[in-house]
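In the two complexes below, chain A is the common chain; its partner is chain B in one and chain C in the other.
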Partner chain A sequence: MSATLRSFDVTVIREDFPILKQQVHGKPLVFLDSAASAQKPRAVIDAMRHVMEAQYANVHRGLHYMSEKTSDAFEAVRDKVAAFINAASRDEIVFTRNATESINLVAYTWGRTALRPGDAVAVSEMEHHANLVPWQMLRDAHGTDLRIIKITDAGEIDFDSLEQVFADGKVKLLAVTQMSNVLGSYTPVERLAKFAHERGAKILVDGCQAIVHRHVDVQAIGADFYAFSGHKLYGPTGIGVLYGKRELLEAMPPFMGGGEMIGHVTYEKSTWAKPPFRFEAGTPAIIETIGLGAAIDYVRGIGFEAIAAHEHELTEHALATLGNIEGVNIIGHAQDRGGVISFTMRHAHPHDIATLLDRQGIAVRAGHHCAEPLMGRMGVTGTARASFGMYTTPEEIDALAKGLLRIKQVFA
Partner chain B sequence: MTDYFQPEDDTPQAAIAAIGEDLALFDDWMDRYEFIIELGRKLPPYPAAWQDEAHRVQGCQSQVWLAAQEADGKLYFTGASDAAIVSGLVALVLRVYSGRTRAEILATSAQFLRDLGLIGALSTNRGNGVAAMVERIQEMARAA
Partner chain C sequence: MSDPYQALIVERHKHPLHAGRPAQFDAEGEGANPICGDKVHVYLRRAGMDVHYEAQGCAILSASADLMADAVAGKTAEQIAQLSRDFETLLTTGRENPALGGLNALAGLAAYSSRIRCATLPWSALAEALHHV
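After this line comes the complex of A and B, so read on.
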C-alpha cells in the first residue's frame, strides 16, 4: 500500500460526508441505500462548487482563459478514469449521463452495425433492467435474439446454462453484471470474458455496483465494454462512463448528432470525430465530470484494499446479525458477495419494512430494484434491501437489526 | 354481494378531522402505524376476482386494487393491498372518499395525507402509492 493512503477509520471517513450528520424523523440518519446512490464527500461537493465559482466556461470551444482552464480540468478527468480502470488509452473513455446511457449507446451503435439479424445477445437472470431492456429493444428493432443465462439458487452464474446458451455459436455478445444490485453476488468476469472470447463473442460488463467496492482493471478482466455511473461511486448524478476497446469504438457510428461529435459539416453531409468525441454530442456535464474526478481521487486516496476490508467485515456482520432474526430470509448467498443484502420478512411486506424503518431513521430500499424478472426467479414479489458504503458502520447494522425486531413486534 | 366501505362521518372534512384526532392519540409513529395496520385488517373483504390489472392502481410500489359502485348519487369504494401499511392507508382514504357524491370527491384534495404526515410528497407516485389511489378515485368521480 502506498504511503500516501490514509489509514482507514470509519469515524474519520464519516466526517467527510456532511449529510451523515442529519437527523431523520428525530433519529440519527442510518443510510443503508448506497447501492441506489451513494452520499457525497466534501471533496466532491467542493470541487463542483469550485468549478462554478472560479473556473467555468464551456469546454473544447473557447480560445479564452476560462474555457481553456475548464477544458483542462474536464479532460484531466478522462485521464483519471482511464488510470482508475486501467484502460490502455484515454480515448477509450466515453462520458455519458449514466451507465444506462452507456449500455444503450453500445446497443444502438455497436449492436446495429456489428450484429446481424439472427445473432444473439446473452444476459444473465440477475441483470438490472438497464442491461436487459436495451437488448430487448435491439431484438425488436434489429432482429437479434436475446438469450437468458440462468443463475443458481445461491445467486451465481450457472455455467451449464452458459454453455447451453452459447452452444450454437450464435451469441456475439455476453452482457453481464459484475455485481448484482439485488443479491450482492460478484460474477467471475475474467472467466466470463475468456469464455466469451473463446467463442468469438464480445463481453460488456455492467460495473455499476462492483466498481464502488473493488479495484477494477478492464484489461485484466478482458472487457470489451465496461459501463458505470458516477453517482454510486460517491460522485454526482448526470455523469457516467463507457469504456470501449479502441478498435470497437473506432468502428462504431455516432449515437447522437450535434456539436462536438463532428469532423466537418456541410449542408449535405458530415464526417465524424474520432472516439471518444464521436459519442459525446452537445455540451457535456462539465461540472459533474469534474465532480467525478474528485470522487475518483477521494476513493483512490483511501484505497480499495481498506474499503474492501471494511465492507467485508460489515457484510459478514450483517449476514450473521440479520440471519439470526427469526422470520428474516436473506435472498441469495453467493460465495463471492458484497455489501448488498436483500431480504424478506414473514408477515411484513417489503413496503411495510421500508416505511417502518424510515420512521426509525433507517433508509433501505424496497421493491423489485429494477430487476423485476429476477424477483420471479428468486420466488419473491419484492425484497427490502440494505446496502453499504465505505461510511457504513457495524452500529448501523445493529440499528437495522433492532429496527427489524421492532417491526416483528408490530406484526406479532 | 360485495361489501363497499360505508361512511362513518357526515362529510369528507369530518372524516379528515376524525382521522387527525385518531392519529394524534399516538406520540410514536411505530404505534401510529400499528393502529393504521389494524384499520387495514378491518377493511371489508375484497373479492379475489378483482385483484386484476383492470382494478390495479398504477404507480404504487406495492399492489393496490380499487373498485367502485354508484348508488343513490354517491360513489362507494372497496380496496385492498398486499402490504399491511398500505391496506391501512386504503382504509383511511376510503373513510374520506367512500359514500360521497362526485362533487364532494372532486372537492376534497389529497393534501390532508400530507398534512397528517402520511406521505412525504404528493408527487411521489413511486412512494407509498396512496396519492395515486386518490388520483384514481377522483378520475372515477370525473368519469361519466
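After this line comes the complex of A and C, so read on.
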C-alpha cells in the first residue's frame, strides 16, 4: 500500500460518517443496506455545504466571479471522474442524474441511431431493472431484439448461453452488470468485452455496484459505455455518470434539448454542442457534482486495496456466520463475489425478517431488489439482503446473525 | 410504539384458525401486491359471514387475514364496511379501538407504512367477495 494512503482502521473510518452514531428504536444503528445507497462521509457533507455557503452560482453562463469559481469546481470533478475510472479523456465523462439515466441515455440516443431494427441487444438474467427495461423500451419503439443470457445456479454468467445468444451475429450490444446487486457476483467484464468486440458488438457495463468496491479502469476493461451512480459511492443522490468512448459519443444525437447542449440556435433549428455537453441539457446538479468529487477524493484517500481487503474479510465472515444458521439459505455462490448477500429463511418471509431486524436497529433490504425476473430464476419470490460498505464491521454481521437467530425462535 | 409482531400475530401466523379452501362457499375474492408478489384468496360463505382464506406471503398478511375472519363472523355487510374503515384508521394512527378486538394486535404497523398494505390486502379481497354475493 502506498505511503500516502491512510492505514485502514474501521473505527476511524466510522468517525467520518456522522449518521453511524444514530440510534434506531433505542439501539445503535446497524446499517446493512449500502448496496441500495451508501452513507455519506463528513467530507462530502462539508463540500456540499461549502458550495452553498461560499461558492455558488450557475455554471458555464455567468461572466462573474462566483460563476467562474463554481464552473471551475464543477468541471474539476469531470477530471476527477475521468482519472478515477481511467478514461482517455475528460470529454468522455457525461454527468447524468444516476446510472438509470445513463443507461436510458445510451438506449435512447445510441440505440436509436447505431442499431437497426432486427439488431439485438443482449443482457444477462441478473440485471437490475435499470439495465433491462430501457432495452425493452428500445425493442418496442425501434424494433430491435432483446436477448437474455443465462446465468448458472451459482450466479455466474453462463458462457455456453452467451455463445448461443451471439451465434447468429445479430447482437450489436452486450449490456451487463459488473456486479449483481442481488447475488453479489462479479462478472468477468474484461473477458466479456473481448468476447463482444470479437463479434463486432459493443459493451455497456453497469458499474453501479462494482465501482464501490474495486478499482475500475474502463480502458483496461475495454468498456464502450460504463454507468454508475454517485449515491452508492458515498456521494450524494442526483448525480450519476455515463462514460462513453469518444467516437461513440460524438456520433450520438442529443438526449434532451435545452440550454448547455447547443452549439448555435435560431428559431428554425439548432446545432449541437460537442460531447459531453451535448448530453447535459439544462442546469446540472452543481452541488451534487461537487459532492461526488469529494466522495471520489475520500475513497481514493483510503484506497481500493484497503477497502477491498476489509470487505473481503467481512464477506467471508458473513458467509460463514449466516451459512451456519440452520434454515438460512444464501442465494448465489459465485467464485468472485463481494459484500452483497441475499438470503431466505425457512418459516420467515423476507419482509418479516426486515421488519423484525429493524426492531433491533438493523437495516437490511427485502423484496425483489429491482430484479424481479431474477427472483423467478433463482426460485424465490423475494429475498432479504445484507450489503456492506467500507464502514461495516464484523460485529455488525454478528448482530445480524444474532437477530436472525431471534427471528428463528419467534417463528419456530 | 407497540411491537408489530405481538404474540397474537405470530400465533395466528403459525396456527391459523381460518386458513384453507372450504368445500363450499358463495363468493371469493383475491388481493395481490405486485410489489412483493404476496397474495391472498378469500372464500366467503354468506350464512354467518364465514370467511376462509389461502395466503401466500408474510406473517402480517396471514395473521391479518385470520383475525379478519374472526372479526367479521356473524356481521352484516354494513358492519364489515365500518370495521374495515376502523381498521384502516388503526393502521394509520396506531390508536387502538375496542370495537376492533383482536385486530388491535396490528396497531404497531402504524410505524411501518410500507407494511400496511400487507394487513389491508385480505380486506380488499373480502370486499371483492362481498361485491359478488
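In the analysis below, the second predicted complex is superposed on the first by the 412 of 412 C-alpha atoms of A that agree within 3 Å, B and C clash if a C-alpha of one lies under 4 Å from a C-alpha of the other, contacts with A are read in each partner's own complex, and residues count from 1 in each chain.
By our rule, a contact is a pair of C-beta atoms (placed from the backbone, for glycine too) under 8 Å apart; a residue touches a chain by one contact, two chains touch by 3 or more.
No experiment lies behind these values; they were computed from the predicted model shown.
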{"item": "Combined model on chain A where chain B meets chain C, clash or fit", "value": "clash"}
{"item": "First (chain B), second (chain C), both or neither touched by A:70", "value": "neither"}
{"item": "Which of chain B and chain C A:410 touches, first, second, both or neither", "value": "both"}
{"item": "Contacts of A:351 with chain B and chain C, given as first, second, both or neither", "value": "both"}
{"item": "Chain B versus chain C as contact partner of A:393, first or second or both or neither", "value": "neither"}
{"item": "Partner chain(s) touched by A:209 [first = chain B, second = chain C, both, neither]", "value": "neither"}
{"item": "First, second, both or neither for A:360, with chain B first and chain C second", "value": "first"}
{"item": "Chain B versus chain C as contact partner of A:144, first or second or both or neither", "value": "neither"}
{"item": "Which of chain B and chain C A:96 touches, first, second, both or neither", "value": "neither"}
{"item": "On chain A, positions contacted by chain B and by chain C", "value": "348-352, 355-356, 359, 367, 381-382, 410-411"}
{"item": "Complex contacts: residues of chain A adjacent to chain B", "value": "25, 347-352, 355-356, 359-360, 366-367, 381-382, 406, 410-411"}
{"item": "Touching residues (chain side chain A, partner chain C) in the complex", "value": "348-352, 355-356, 358-359, 367-368, 375, 381-382, 410-411"}
{"item": "Partner chain A, residues of chain B touching it in the complex", "value": "29-30, 33-34, 37, 61-63, 82-86, 128"}
{"item": "In the complex with chain A, residue positions of chain C that touch it", "value": "3-5, 10, 13-14, 35-38, 57-60, 112, 115, 118"}
